[in-house]
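Following: one structure in structure tokens, then a few remarks.
All chains are identified by letter, namely A, B, C and D, in their written order; residue positions are counted from 1 within each chain.
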Amino acid sequence: MSWRLFELMLWAAGYTVLLSGISIVIGLGLGLLVCAAKLSPNKALSLPATLFISFFRGVPLLVQLLLIYNLLPAVGIMVPSVVAAVVGLSLCTAAYQAENLRGGFNSVPRGLIEAAEMVGLSPFQQLRRIRAPIALRLTLPALVNEAILILKASSLISIVGVIELTRMAQNLAASTYKPLLFYSVAGGLYLVICWTVAGGGSILERMTKAGRT
Amino acid sequence: MSDVSTAPTPAAQATPQTATPAVLVKGVTKRFGETEVLQGIDLAVPAGATTCLIGPSGSGKSTLLRCIAFLEEATTGTIAIHGDPLGFAEAPNGQRTRLSPQNIREVRSRIGMVFQQFNLWPHMTALGNVCEALVTVRRMKRSDAEARGMAQLRRVGLENRAKHYPSELSGGQQQRVAIARALALDPEILLFDEPTASLDPELTGEVLNVMRDLAASGMTLLVVTHEIGFAASVGQRIAFLDHGRLLLNGSPREVFGEPRHPRLAQFLETYLDRGAAALL
Amino acid sequence: MNKRFLMKAMLSLALALPLAAPVAAQAEDALARVKAAGAMKVGTETAFAPFDFIDEAGAHAGLNVDLFTEIGKEMGVEIDWVTLPWDGVLPGLEAGQFDMVAGPATITKARVERYRFLSPIAEATVALLKQAGDDSIQKPEDIAGKLVGAGKATAQLAQAQAYGETLPGGIETREYVGFNEAYADLAAGRIVAVANSLPNIAYVAQTQPDVFAVVKPAFGQPSYFGYIGTKKPEDQSLLDAVDAAIIKIKEDGRMTKLQEKWFGTTFETPNEVPEPKV
Amino acid sequence: MTLDFALMADKMPEILSGLWVTIWTWLVATILGAGLGFLVASARRYGPAPLDWLLKLYVEVLRGTPFLVQLFLLYFGGPFVGLRLEPIPAGLIGLTIYASAYFSEIFRAGFEAVPKGHVEAAQCVGLSRGQILRRILLPEMTMLVLPQCVNMAIILIKETAILSIITVPEMTGVISAIGSQQYAFVEAMFLLAIFYWVLVETCGYLGRLAEARLSKFRFAVP
């Protein structure tokens, strides 16, 4: 494989990382909203959140992407390929992250909240100062895991016309008749990316653990 | 303290059981990395009596018990159950050789163990827990095993809980099932590792009562406990461990009576439950 | 920090929705829109050599790229390529994801009913590609009872299936996301032939003569390749302009040069879309 | 816009056959994947250290690359090293291997989660290593890891959609092909979404049912 082609693969890997990264961040924000709605005692909020989570966890990403790409324009919302890809990945990961966050919030020990109540923190202060930081810290490993899952899931976004790492490998495999080489290189690049994220995640976990009692 | 110096009698010699100690611990040390938890323990546990192992946290008493059960391997030294070596055999020149897993299982099956955390298997009923080894190890017919299991549950007063799962039982009941499980195999020696330490105070009584009955029936018990009152009233021998050494070993009167060893006095001050003071 | 981010995310979402909506909502004249933007969005798949493919340097190349460069010059606009698997191209066109489709697509009865075809650019008659040295297939009928591959949702697949029904024992077909995968499977020996249009398989056989060979003659009905647009009224002005550009390119001889370059041969194509036979 | 599902109704037999392929490939890959995963986890726990490293690499490589790439390597790369698999065997093998990596991690955590004391108690009553694995570790672990296993099974339902790319005639492939033939693209996607949603929710429901039935075996915390 020439350096030029390897460069193309690297470029595509970068694009994979970029789009996945954006989706993870948007998904985290959206996931927080969905999680808040799901935890709300108000049925008008929690029911849609439940449906959202169920749908986006229950339908293959491939189908979600095609629905977004082909259906939204029909109702008047123009979504270019890249936007469709990011929206699809974000919605999908938001559903998973909402569940992770819910798990995190639910495992904040009751006693800690009662202690906060007793020293006079308002419900909002309790959320901001006690529950959210602890829940986020508890969710961190799941978040790292989710980031890796999305990085890998992004191999499907070529279906809406985005040329990322897998698609690039597919193209080059076809044009050079060397599928073994290009899919191996793609696999290797995914490994480097995912292992880096996993490594970074465990460093981050260790750092946040230091502040733990 | 004459027992400690008793030379081990070869099992082949048909000496009366009382003469051979039920458990003989010889020169046992245990090291975890840099820390030496046991620093050369020699102890003979007499058969047909209750021996209580007491001492401060970290003194090594649980480790000693686990070495006797061969759940931990002693770094040096040997353990013998009624004269039969467990885990390692020692040649006259002091060389230790590891015994076969088969042999270890065989000798160990003569010991029963009751844990602090009960360790009942959660996917089996109370009766299932008691019968498991009878069926899988002793190859008994299930119906025979269950009859025997029920008898053991009756012995600890739980025949009406036979079909309950551990999660449906109180801590005290779970520990009594665990005792029944150990008894079902008809062990020569029963080891207790702080059997009441995980229980609420109001539940310790039922477990201690079962143990009292067992002691009265003449079984050989070796009990690691913090219940000094129990040790003083039920124990026929008391062994006091401190910093991995066996400091005292004798009858309750010898150990608890005046003049007290200064380390024991200090320990009792810290650990003694108020009610027990009257017993001493 | 999270809260601020959340606010931003929500705000940008809230802003993005109404901004995006009007684009498709108003039926703006397509030619005016493309001219104003200075760029035309063209959807295609890049697994259809020699029309669209990724060359060995990793670049999008082929007759389509060259031809649309000329079309762009004629119209004074840039070409924005949107590449996706073929079974996503026509849905994308209907959804309004691009202004037109390159492809090209075989001009068929069903498609003519649904889409507007522009002036044909090549012959599309379907033939078979086999493994070089496979003596068991000498003529098209030899595929009877065998497994033949083609691209999913392609006219070539439909023709192969229709042809198979006329053979004793019929044929089995396997549908691929793209023709490249079908070629790879043919090389691997999982299928005995690939049904695709003559210009395509001639190119493949010519670039890899050790691996592939064309089975002559073509079995399909004579048909043509053309570019596709929708029948929406607002799109017609743009498609008229592209059509005019194509015809101009044909008449001044540029098309012949491109055909020579990519097919190694030339063929006459009518200016008007002919009545499809398939 | 209007949706016309009548176009789809005519193709019901094909759609049902696609649904069936989806279901059976999923079941086979899940069961084989769980079995292989258990073997990997056991080998890593009881085998020699070099085997553990090797299997760790196996697991991490499979977990660090997309299933699509693995499948492409197996199906399109395989013939170059003399491994020529038909689409369905390739899909099943690929999905099984992929699943085994995740299942092995679930079981590894399961092994760790069984309290050491439960094993010691079994040693004390004389159970052999094999008996401890069979009678104590395996059943206890099963209920500990059941929720994660259900989760993984759900992920695998969705991964079967990817098999369509190597021409396995499963639900996604069949329905999207019909959608293309009939120019009913959006209807096809809707139908797919609904089918998968129902499958996933059914699987989740059955999983929760099983968990509820096992709940009395849960750990009694002393």
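In the analysis below, a residue touches a chain if its C-beta (ideal position, glycine included) is under 8 Å from a C-beta of that chain, and two chains touch if they have at least 3 such contacts.
Since the model is a prediction, treat every value here as computed from it, not as a measurement.
Shared contact partners of chain C and chain D, listed by label: A. Using CA-based centroids throughout, the chain positioned farthest away from chain B is C. Nearest to the global CA centroid, when each chain is reduced to the mean of its CA atoms, is chain D. Per-chain CA centroids place chain A at a distance of 53 Å from chain B. Taking the mean of the C-alpha atoms as each chain's centre, chain B and chain C sit 82 Å apart. Put simply, the C-alpha centre of chain A and that of chain D have 21 angstrom between them. Work out the mean CA point of chain A and of chain C, and you get 34 Å between them. Of all residues in chain D, those touching 2 or more other chains are 76, 185-186, listed in ascending order. Among the residues of chain C, those in touch with two or more other chains are 91, 94, 181, 184, 187.
In terms of which chains touch, the assembly is arranged in some other way, matching none of the line, ring, star or all-to-all patterns. Shown are all chain pairs that touch, namely A-C, A-D, B-D, C-D. Chain D meets chain C in the complex at residues 76, 78-79, 84, 86-87, 164-167, 173, 176-177, 179-181, 183, 185-186. Across the complex, chain B is touched by residues 115, 117-118, 120-129, 131, 135-136, 139-140, 143, 216-220, 222 of chain D.
Taken together, the chain C residues at the contact with chain D in this complex read 87, 90-91, 94, 114, 149, 152-153, 158, 174-177, 181, 184, 187-190. Taken in their complex, chain D has these residues touching chain A: 1, 60-61, 63-70, 72-73, 76-77, 80-81, 154, 158-159, 161-162, 172, 185-186, 189-190, 192-193, 196-197, 200-201.
Those residues of chain C that touch chain A in the shared complex are 2, 5-6, 9-10, 17, 20-25, 43, 46-47, 53-58, 82-85, 88, 91-92, 94-97, 178, 180-181, 183-184, 187, 208, 211.
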